[in-house]
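In what comes next, subunit A is part of two complexes: it sits with subunit B in the first one and with subunit C in the second one.
What follows is the complex of A and B.
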């Protein structure tokens, strides 16, 4: 197996006008991994993917895909990359069969069985026109078109967007099917953390154009911790806590989410003299939402009613 | 490629079919309109404006409609081919094909051209087949008549490229997206304004080539300017500069028309009176009309004793007949005739006479060809009588009548034979009886220079190299004097006036000389007073008239915005040293001021954006050629990158460069907030980051 990264970027940056949409993205994705690219809407995931595929010119920086400069991807390299777009836009006037034939003409490694299998999985009849398909069916067709060329690298831009749970499950199963071959790499963006948890082994998180996380799923889950502090009275003001993501204040509790929780953090919290300090388990979705949610302290203490004299 | 062609074909086939239906309908309506007029004429109606309809291939209305349709259809088709895939995801689906982008573009172009040919070419081909097939058109046909329609078709392909570019190019300013149409609009403007087919074809080809390269460049980068190869960037810049020229030229003309004062009335000419006197009539601005004799004394009104008024003076004019005399003929001496352009029917034939449901044309082969309006087939040909042997040099052909009063319509026969000349003889042609009777023969060394007839007065003026003769239609001579053409390359207007004394004539000869190929300038003025048939009593050379000076300084001032290079090119191409006295040279020199301003502005903006010296020099050269329009192009194509404060030198630097233009430093990585989670790269089969 070749150890060179399949995807590599160096300082990849894109501006729209004066606004930086992707800033200094340094990323490496190794062969055989399933890499989830996460972030909130507008965080720059799609822009980054379009730059990776040479569909959008970076403002500065660069990168390579399968060893080829992203600014000059050759047809031979493109033939090794499957790309599923975010909204699964296809030619509406074509039938399922026609669009399959259209796609097959470009790929020497086209596998009709995969195509037939995937469209069958989504219940698509070959005579249907694309414009007559539901969103989920169109996603299935787009996935079939992406998988059938047997690509080495699969780049999926939010493939489950707008799909119902059944269609989404089909899509995830298709991805799992593909990853049975260890030399295949999947790079996908998603908002659905259940899917990410099922298939991804590496994640990267874009936090408003800046890459903040790039690690294995376990590392991420282990790095984001929730701390519950109980007090006899009202919780005292918080001192500066390194890695603090969010703090929720109630009448007698202080619920904190932070990264890199360690002994120093614990000591700083114990100085607040809580009655108890607990570390409840945190699921990936909660960890992710905490990570990408609004930073800072929030209070759920109701305002005291005015006392009438 | 095959699949791409199929996709494009299927995607836009409906558009082509709709275009085909609309264009076929438009052409059919135009042809029917002409056919109806012909039918009316065959049924006994008049032939007014029939000449402009009878040959559909040269019908002005039909050609205008064809050009308009081809331009709109071509632009729409090109625009749709890109716009249909404008959604970023669909565009990505197309561009992610494992084929070169040039292949993708070729598939679009080949299919687009095919669809355009279907929508616009098929109806035009149908029209040609209709016109060629005997029994449809009662007019002469030559294959060259197809050329205007062919150019209209080819112009549509230029608009097709313009449509592609318009859809491809992201535009910053409102309206500047339409800049892509500029070369096509210029080609449209030139289409029927240039005399020869090949000249229009060259303009179409040039515009198409510029747009084609700009489309290629734009397609490679999705419309981005800075990432294109230099041919694409240059072509796009030229396209935008041409748009700038149209905008600036339009603005200058509107401004000039708005602010320039109206030109005062100015004229100066000699006028004979019935008593044989010669007077100079002149007017300058708002002043009165001056009518003075050759000694400068004002002419007095005999009734009032005061200076005569213009209206009263005009009543003193004698009856006269005049003709334009030139021994240059287009088919004899290769003289350029600007009225006979490739799209003008007068290049191929002149509508001559209509008699008894037969339309007679004088063809450029010098024959009178008759077509039956009912059967729409040729009925006969009349040629000069060759018995005298005079026609051996010029061939047996009629010359084009220079002063024919109705070159765009048929003249009614009215039982009146008409005059036509060959190179050496003048004939009386009777189309109804189909006879050609010689009236005057100029002899072996002579030649017919000009003739004119007043059929109501039974009067013919004919000028050969040897003589000037006034005669009647029966051939009886009233006046004949020797002609002394002094300038073989020039032309003369000869006017014979009948004076109030019986049997006295005044013959006025005004010589003109070609000035720089285009303009005739007055080169001499002589009057001969003749008694009887040929007794010259007196002859007098008149002093030269002062040249009228017009003041166009306001207009020229407004037109300074047109760059010097373009002004000079237009002068060279169109006018060919039109202005003999170089009166406008100072304006050409002044037009260097806006050019200099454009260069300085471009240079200054380039410096602010830290262009490389090569780019600066290239833009300076571009602005030198295109001036203000070049600066507009510079502003419209150039992408203006955002600026950010350099973390090292604290100065504003471009965000699209790795290193600061001032200190060479790099951008710092994004600021950390303590929540980053990174881990080292796994050895293999995993992922990680470099930080």
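What follows is the complex of A and C.
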């Protein structure tokens, strides 16, 4: 088994004029993972993906895909990568069947079974003309065209954009189906955290062009905690708490969101002499929003703890 | 096996824990009993539309707690629960749950007597159910 990362970047940076769109991005995506690339609109995700694929030259830094330098991706390496963009460029006058046959001619490893399987999954009849398809059907067709060459690495740039819930579920099912082969890697950007929760095992979060999180989904959920302190009277002023993201106060309560909550944090909070201290569970979406909120420290990055090997 | 797992995303309970909790609940209420078979990791992942690693993690936790066993080539089965935590460790894990329960009850203006009564009622219900299952 090849343990080298499928995607690796070092200090990947891109400026547009004086503005850094992606800043010092260091990513590692291991083979077999389902990696969600998250961040708000305009945080630099698409720019980063375009650099990964060699479609846009980095201002600084670099990286590799399947072990090949991203500035010099060969056609042979590209043939092992499936890439699905936000906008699906398809010939409107062709039928679904024709566009499949047309595309197949470009790929040595084309699997008609995968193609018909995916279009069937999206409820597409082969005789339909592309220009008559709905948005969800077009997405299904584009996905079928991307999956049929059986790519080792699948890169999806916001594949769920504009899809209705049924089409989106079909998309997620297709992604899960792909994980049947444990050597297949999926790297996808998304705003739908429900989908992310279902399929992803690793996440990275870009915020204002800087990588702020790169770890497993579970590590992220475990690191961002909500703390609820109840007081007999009005809550006292809050001392500096390391890793504090947000604080809300009500008449008798202080509700904090912290990252890297640990024994020291708890001791510092106990000093405030609350009547009770609780750690209510926090959903992924709330954790994500707190983490990317306007307030709070921005100086740390959430990563997997270093493991001695 | 009339047992059905329902997953909700966006919940404050991680998905792997939704699975373990629902399996435990089904065992507690007799919907799952010893020797019942669970779907394979792959089959459950595909039917619930989840990353197989999430299901594998849930099954791993259940196996470590001595509730299920994976028999290679045959499947995943419910086995008889054995005590996996020393009493001391068990108490340590129970403590925060009790704190949360009492905190919530206080916030909802339950008196200690009312809480005690509710708890006793629940325990006798549970004993009754368990008795029926053991017979």
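Couple of notes before you dig in:
In this text, the second predicted complex is superposed on the first by the 290 of 309 C-alpha atoms of A that agree within 3 Å, B and C clash if a C-alpha of one lies under 4 Å from a C-alpha of the other, contacts with A are read in each partner's own complex, and residues count from 1 in each chain.
By definition in this document, a residue touches a chain if its C-beta (ideal position, glycine included) is under 8 Å from a C-beta of that chain, and two chains touch if they have at least 3 such contacts.
Keep in mind that what you see is a predicted model, and the values were worked out from it rather than measured.
Room for both subunit B and subunit C is found when the two structures are superposed via subunit A, with no clash between them. When the two structures are aligned on the shared chain, A:169 is found in touch with subunit C, with no touch to subunit B.
In the superposed model, A:278 lies in contact with subunit C only, and not with subunit B. When the shared chain is aligned, no partner comes close enough to touch A:253: not subunit B, not subunit C. Legend: residue contacts after superposition of the two complexes on their common chain; A:150 is shown touching neither subunit B nor subunit C. By the touch criterion defined above, A:201 reaches both subunit B and subunit C.
More residues of subunit A lie in contact with B than with the other chain of the pair subunit B and subunit C.
In the superposition on chain A, A:177 makes contact with subunit C only, while subunit B stays out of contact range. Shortest separation of subunit B and subunit C in the overlay equals 11 Å (C-alpha atoms, whole Å).
Once the two complexes are overlaid on chain A, the subunit A residues touched by subunit B in the first and by subunit C in the second are 201.
Of all the residues in subunit A, the ones that touch subunit B in their complex are 1, 3, 11, 13, 15, 17-20, 23-24, 26-33, 35, 50, 53, 55-57, 59-61, 75-76, 78-79, 81, 83, 85-91, 93-94, 101-102, 105-107, 182, 201-202, 204, 207, 210-216, 219-220, 223-224, 242-245, 259-260, 291. Residue ranges of subunit B in contact with subunit A, taken from their complex: 2-3, 6-7, 10-11, 87-93, 95-100, 221-222, 224, 227, 641-642, 655-658, 667, 669-670, 673-679, 681-691. Put simply, subunit C touches subunit A in their complex at residues 7, 9-16, 42, 45-46, 49-54, 99-100, 103. By the touch criterion stated above, subunit A contacts subunit C in their complex at residues 34, 169, 172-173, 176-177, 179-180, 193-195, 197-201, 218, 221, 230, 276, 278, 280-286.
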